[in-house]
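Order as written gives the chain letters A, B and C; numbering starts at 1 within each chain.
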Amino acid sequence: MALDAFAPWEDPTAKPLIQFQNVTKRFGDFTAIDTLNIDIFEREFFALLGPSGCGKTTMMRMLAGFETPTEGSILLAGQDIAPVPPNKRAVNMMFQSYALFPHLSIWENIAFGLRRDRLPKDQIAARVEEMLRLTRLEKFASRKPHQISGGQRQRVALARSLAKAPKLLLLDEPLGALDKKLRQETQFELMDIQEKTGTTFVIVTHDQEEAMTVASRVAVMDHGQIIQVATPDVIYEAPNSTYVADFIGEVNLITGKADPKGDALHMHWAEAQPAIVGAPLEGAQAGQELHYAIRPEKVSISAEKPTDAANAVQGKVLDIAYLGNISTYHVELAGGQIIKAQAANSRRISRRAFTWEDDVWLSWTATAGVFLER
Amino acid sequence: MRQMSWFNVTSLTLGFAFLYLPMLILMIFSFNESKLVTVWAGFSTKWYVELINNRAFLDAAWVTLKVAFISSTLATVLGTMAAIVMVRAGRFRGRTLFSGMIYAPMVMPEVITGLSLLLLFISLGMDRGVFTIVLAHTTFSMCYVSVVVSSRLVSFDQSLEEAALDLGSTPFEAFRLVTLPIIAPSVVSGWLLAFTLSLDDLVIASFTSGPSATTLPMKIWSSVRLGVSPEINALSTIMILVVAVGVVTASLINKRNVLRQRREEAAAAKLA
Amino acid sequence: MRRLLIVIPYVWLLALFIVPFLIVFKISLSDTAIAIPPYTPTLDVSAGFGAIRDFFLELDWENYIWLTEDDLYWKAYLSSLKIALISTFLTLLVGYPIAYGMARAPEEWRAMLFMLVILPFWTSFLIRVYSWMGILSQEGYLNQFLLSIGVISEPLVILNTNIAVYIGIVYTYLPFMILPIYAALEKLDISLLEAAEDLGCSRFSAFWLITVPLSKQGIIAGSFLVFIPTIGEFVIPSLLGGSRTLMIGKVLWEEFFSNRDWPVASAVAVVLLLILIIPIVLFQRNEQKQREAGK
């Protein structure tokens, strides 16, 4: 990694913009957030990723001031924000429903927050124009929200929440209402705007692709707890648990018993199959139960047994999922375990090498997968 | 869409004939020349002229409008507050009693409401007149207003208000600048409902008014008890037409707005 | 701010809805007197504790005992219930086909039909009842019409009978019955009926087995909306009914205005309220159930 890369979380002297300190939030008997600690730094694009009900929206609403923590404290630039009401926080939010005021024009929607600060008229006008330019909405300034398309509404919501130049912008499923194609375009637009304005973004999403694309760091959440916080590549390549591995992308999970052998870690997982060989896992004891996670695209498929692979197993093609650019082969091994392997469709489908019921070899290198304790 | 069956056509025709014929007949006979209301003796507008020259009716109409205007305005303010409490205030002590008090006046027989309010005014030693009718009408129509407004508030997207707070509004500003303009149509219909309820009320007004104030329904009541009168037919015709024109206009305006909004939304979707 | 929002409507309703009832209840326990106000005792708090104690000692259930002894009252209660029950049933018979026809009408007509049902709501109740006086009287339009086509040879006596009261109630309360049933029927998916016919039902049995059960909530709601206010109805029996038409609302009015017997009128009101509580609670429970089912 280049030295000048943006990674304040690796710098012990950097001061975080937001700190969650042992924050717990309960709604009656239900614990939405469970003693959570996290630091988010200035200029970060931070994604909270998890299934619905994992507590990510509650975290965001606590930052915006619509919920208060039951225990613990949230610091913004070192200050506890618990006593600050939402209308006094230097935090703005982009709502999942956009929450555009239907009775106000686009221009008035964007000016709404500025007017609350009693700024002089010309200053408000200048700022609104700037926001309209930034989000390419100049043409629609005088329209009402129902007179523009979904994508444009999304940009109005963004412009409105950015107009007050908040220290922190919260985005609640900002692209959830858009169709897939528009969503991908908008993702890059969001990143671009984030970079231009230098604002810290915290985004809540259940879409792992979206989180991976836009975020500098991703926090994977489950049941009110953060399971892993890391950059997207680490989350994908080195998940810390089967939950994270399974949540992000496709994965083969195999369970077995550890057998440390010098530089490498072996795992016995089935009578008739060779042990899986991989990079060592710190603290793994012989005989301990382990999980092995390997992504399908890292598994090669071949007709003959490869000679140089660290891991090679034989099986029969059970199913083929054709996805256009790639195909996923479901291969059943002798013990009944099914392993998915992906291959690029560099040839036309009529000329593909394997088909149903073919005997094939699957192989991967020692560093392709990871061992996980939980 | 399948063709409507003869059964449905018949039941709709008969049903609406039943709903509208009596009023239609009444309106036709208001233009009857004869004093005998059931015998047609040629077209005339003399009963309308007589009505306009009848001071007692005009006075009663003035009292009624005054009462209706003040009480519906008060009821709209109180009913909207009550609706906000019902939908937004969450739990508070006495909530069950509160919602009971909102719903009960609507199912209460008017004779009981009227009697109880009268006894209250008497035991407080209040002079009965316009003021006491206003108090009575405000009390029962605020409940209707609150039901109308709260049914709109329930479907109101609360994130709009949160967005206003997030952008720096005080809670009061958020209500004034965002919530109120959006729920305004329901507040207006609440006001209209309260206004017509007050215009129409006979029983409660009879109990709570004194000799100084006679409302139009009370006036109509005292004359129709003696039988059908052509003057009352003329008055009824005017009242029916005013209401019909008002309601039809309101619903046409509403329909046009909905259609325009839908058209613009469709255009916006195409634009993308 | 929030407190003020709750307190203002709360206090208003307490003062003008709950307190008046307590007064009615208190007066119902007093005795009739020829005085102003025409009942005794009156509470004079300034006279000290002894006076307050005497005041409570003088209250009794005499008026309620009177209600059970004089058969005018319990007959009036029973007759009100009977009239309300019969007219609710009649309104259902008239209203259901209209609601059904509306729900099956082409979609572009429905808003218009809906408005036509709502419109009478906004016009004066009194005028709508009054409009039947000219129709139903001896020399009224209905008799003129029937005589002219030769169906009858002598005018029918309808006005000032219970029949006129039934007609008046059905007419004025019809929208209350139509609207909830229409709301239920409009939601009904036509393909359910097609499925029933596909599985071997006749049109008629599909109606009984599918349409009616699925509009049950609307029927129940509509019936309560007609039944509850009809019990205490005053205008309709007074204008269209005869001297033999007994309804409790009318009795209460006369007791109060003609006899000036406030304590008995109050007792009549209290008992009427107790009778009404049952259908009101049932209605609320039904609404609650529907709301929960809707979620």
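Everything that follows uses one rule, which is that a residue touches a chain if its C-beta (ideal position, glycine included) is under 8 Å from a C-beta of that chain, and two chains touch if they have at least 3 such contacts.
Please read all numbers here as calculations on a predicted model, not as lab measurements.
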Comparison of B-C and A-B (more C-beta pairs in contact): B-C
Maximum centroid distance from chain C, chain identifier (CA atoms): A
Length of the line joining the C-alpha centres of chain A and chain C, rounded to whole Å: 61
For chain A paired with chain B, centre-to-centre distance based on mean C-alpha positions, whole Å: 55
Between chain C and chain B, distance of the C-alpha-averaged centres to the nearest whole Å: 18
Residues of chain B whose C-beta touches two or more other chains: 171
Multi-chain contact residues (two or more partners), chain A: none
Touching residues (chain side chain B, partner chain A) in the complex: 157, 159-160, 162-171, 173, 177-178, 181-182, 261, 264-265, 267-269, 271-272
Chain B partner contacts - residues on chain C that touch it in the complex: 1-2, 5-6, 8-10, 12-14, 16-21, 23-24, 27, 37, 94-95, 97-98, 100-102, 104-107, 111, 113, 115-120, 122-128, 130-135, 137, 139-141, 144, 171, 174, 228-229, 231-235, 238-239, 249, 252-253, 256, 262, 265-266, 269, 272-273, 276, 280, 283-284
Residue ranges of chain B in contact with chain C within the complex: 1, 4-5, 7-9, 11-12, 15-16, 18-20, 22-23, 25-26, 29, 37-38, 78-79, 81-82, 84-85, 89, 92, 94, 98, 101-105, 107-112, 115-117, 119-120, 122-123, 135-136, 138-139, 142, 146, 171-172, 196, 199-200, 202-203, 207, 217, 220-221, 224-225, 227-228, 232-233, 236, 239-240, 243-244, 246-248, 251, 255
Of all residues in chain A, those that touch chain B in their complex: 64-66, 85-89, 91-93, 95-97, 99, 101-103, 112-113, 116-117, 144, 146-152, 160-161, 164, 182
